[in-house]
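Take a look at the structures listed below.
One chain, subunit A, appears in both complexes that follow, with subunit B as partner in the first and subunit C in the second.
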Partner chain A sequence: MNNLLIEKTQSTPTIQFDFLSNVLKISGESFPENTAKFYSPVLEWLREYIEQLDSATEVTMEFNIIYFNSSTSKIFMTIFDMLEGAVENGKKICVNWRCDEKNETAIECGEEFKEDLDVLPFNLIIEGDQ
Partner chain B sequence: MNLYFKEDEVCKEAEKLLLDDIFSSPADKEHYLVLFKEYRKLLKQMRRMVKMSDLMQNELKILSHKLEQMSSIDSLTGLFNRRYFNEVYQKEWLSACRSQVSLAALMLDIDNFKKYNDTYGHLRGDKCLQAVAEAVRKAVKRPRDMVARYGGEEFVIILTETDASGAFYIAEQAQNNVRQLKIEHTASSFQIVSVSIGVAAMIPSSENHPEELLNMADEALYRSKSNGRSSISLHTKE
Partner chain C sequence: MNFDLYDFYEEVKTKRILYFYCGPIAHSSIEAASYTLRKHLQFEEAGNSTTQAVFSIFIEQAQNILNYSAEKLGNQEDDQENELRIGVVVIGNEGDGGYFIYCGNRIHTKDITQLESKIEAVRNLSKEELKALYKEKRRKEPEPGSKGAGLGLIEIARKSSRPLEYNFSPINESFSFFSIRVVVER
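Now for the complex of A and B:
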């Protein structure tokens, strides 16, 4: 399976899904003109990736999103659903939701996503200025 | 009121159907239950999304308000800046044209400000600008009137529905307020910081250009300067 790399643009985030290290990163801002179109290859890659995953492999999905629109939040919900399903099937996946301590909205949104989950480990990581 | 009362009604109805056991087979019931659970899950997600969306929009609203303020305010004096002044002035000019009422403009300039900066340094110069700006602002009481920083040490006041004598009165108030600050200025013949003011008023018509009134006030200010400063001159349109 190939890695999935998408460079960021003004309205879309960087996607770095590394098949070998099993670290999947989404970072930046997300308010694509056509959210479904932008995320469709991302969701497709994830589906295939989860399918081939064995239960020994530890996967980390990193979110570092400064700003996202409502359609993106729907996509994220879909991603968390997929991951939650995979965890229920015995896969080892965790999510790190990283945000700056000053970005209260991103923190609160992280809390909302976390509350919606049952089995998927979701770590809210608040980072200060280094 | 519950924002999702319709959705809650649907859920209640579904629960009732499950309780009444109206299904033709256990498989049908099971299928219905799965769909109902999925509906509830998606509904919960939608509620969260709406909440997050509200959070985001709220933040954007606050940011846009801050930006708007920043783009209209002069950061040193806290007065409106020239960009915003131009915007408001155009509106007031058109409004005065339409209703055929007098509009007044005052141009104020701190006397010997370059010498003040040379004598006391730019930091004290900035403090002086801030104090004078505040003193001038206090002379203007009505909410629709406007005080703005026009240039370096120059301020402008726009008074709506005000004739020359009314504007002259405000000019006196502004000048007195500045005098009462008693800011030492040894390089000035008055020994304190003072302002020169040019006053102009007119009932504008569509034949006039908005610049005219400001030019008139500027000419009057120039006369005040030539008259030995710390004075007020009036220019009225014939």
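Now for the complex of A and C:
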């Protein structure tokens, strides 16, 4: 499987899905013109990736999002539901939801995703100024 | 036409308008405006939560114009991907350190009832009820005719400090002007 790399724009995040290291990163802003269209290859890659995943491999999905709009929120929920399904099937996946300590909105959004998930390990990581 | 640019500039300054735009909106206009809007709010020391709320309401409203305004630039029936839709956006200071985000666009008069019921369905809900509704809709299929997730209005209501204010003004038999005004207090 190939890696998935998408460079950021002013309204779309950087996507770095590394097949070999099993670290999948989404970072930046997300308010695309057409959210479904932007995330369609991302969801497609994830589906294929989960399919080929064995239950020994440890996967980390890193989110570091400054702002995302409401249609992105729905896509993220779809991603978490996919991961949750995979965890139920014995895959080892965890999500790190990283946010700046000053970004209260991103922290709250992370908490709200976490509340809606049962088995997917979802770590809220609050970071100070570097 | 008697239009004095300096008078206009002074009025905008006096009324403490941060941003205004009237005309065709492209996604790139939203990107550009979002950059200056954030800088402006930081400069005004609006605070992170207030800045994020104003920013978020602006994006949702501007994207609503882009998706749903019934007024388009020219006749672009064959180029739906790149069509520009027309609307008006004003962001200004409201009371003690608060802000208003005021947007408007043409809609088809026949769509008023549906839009009104969507707004009424969220405008008097508590923050807890809005959160529950947001989470419920986030996992549901979007309604027919929706171009996004159908969460925009709930998101706007969640970030608003007061019940949403909105209005429909008749233009002619087919069209009306829809406006929505949202206030974020500090």
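Here is the rule we go by: the second predicted complex is superposed on the first by the 130 of 130 C-alpha atoms of A that agree within 3 Å, B and C clash if a C-alpha of one lies under 4 Å from a C-alpha of the other, contacts with A are read in each partner's own complex, and residues count from 1 in each chain.
By definition in this document, contacts are C-beta pairs under 8 Å (C-beta built on N, C-alpha and C of every residue); 3 or more make two chains touch, one makes a residue touch a chain.
From a predicted model like this one, the values you see are computed outputs, not experimental measurements.
Q: Determine, for the superposed arrangement built on subunit A, whether subunit B and subunit C clash or fit.
A: Clash - subunit B and subunit C, as placed by superposing on subunit A, overlap.
Q: Tell me which partner touches more residues of subunit A in the superposed arrangement, subunit B or subunit C.
A: Counting contacted residues of subunit A, the larger count belongs to C.
Q: Look at A:Ser73 in the shared chain and tell me whether it touches subunit B only, subunit C only, both, or neither; answer first, second, both or neither.
A: In the superposition, A:Ser73 contacts both subunit B and subunit C.
Q: For A:Gln10 in the superposed arrangement: first (subunit B), second (subunit C), both or neither?
A: second
Q: Going by the contact rule set out at the top, does A:Cys109 touch subunit B (first), subunit C (second), both, or neither?
A: Once the two structures are laid over each other on A, A:Cys109 reaches subunit B alone.
Q: Is A:Asn96 touching the first partner subunit B, the second partner subunit C, both, or neither of them?
A: neither
Q: If you stack the two complexes on chain A, which partner ends up touching A:Asn22: first (subunit B), second (subunit C), both, or neither?
A: In the superposition, A:Asn22 contacts neither subunit B nor subunit C.
Q: With chain A superposed, which of the segments 55-63, 145-153, 181-189 or 199-207 in subunit B collides sterically with subunit C?
A: Given the superposition on chain A, subunit B and subunit C clash at 55-63.
Q: Which subunit A residues are contacted by subunit C in one complex and by subunit B in the other?
A: Residues 67, 69-70, 73-74, 77, 104-105, 112, 115-116 of subunit A touch both subunit B and subunit C.
Q: Tell me, which parts of subunit C touch subunit A in their complex?
A: 27, 30-32, 34-35, 48-49, 52-53, 55-56, 59-60, 63, 66, 131, 135, 138-139, 142, 148-149, 151-152, 154-155
Q: Show me the residue ranges of subunit A that touch subunit C in the complex, using the header's touch definition.
A: Residues in contact with subunit C: 9-11, 31, 33, 35, 67, 69-71, 73-75, 77, 81, 102-105, 112, 115-116.
Q: Which of the residues in subunit A end up touching subunit B in this complex?
A: Per the touch definition, subunit A meets subunit B at residues 67-70, 73-74, 77, 104-105, 108-109, 112-113, 115-116.
Q: If you look only at subunit B, which of its residues touch subunit A in the complex?
A: Counting only subunit B, the residues touching subunit A are 44-45, 48-49, 51-53, 55-56, 59.
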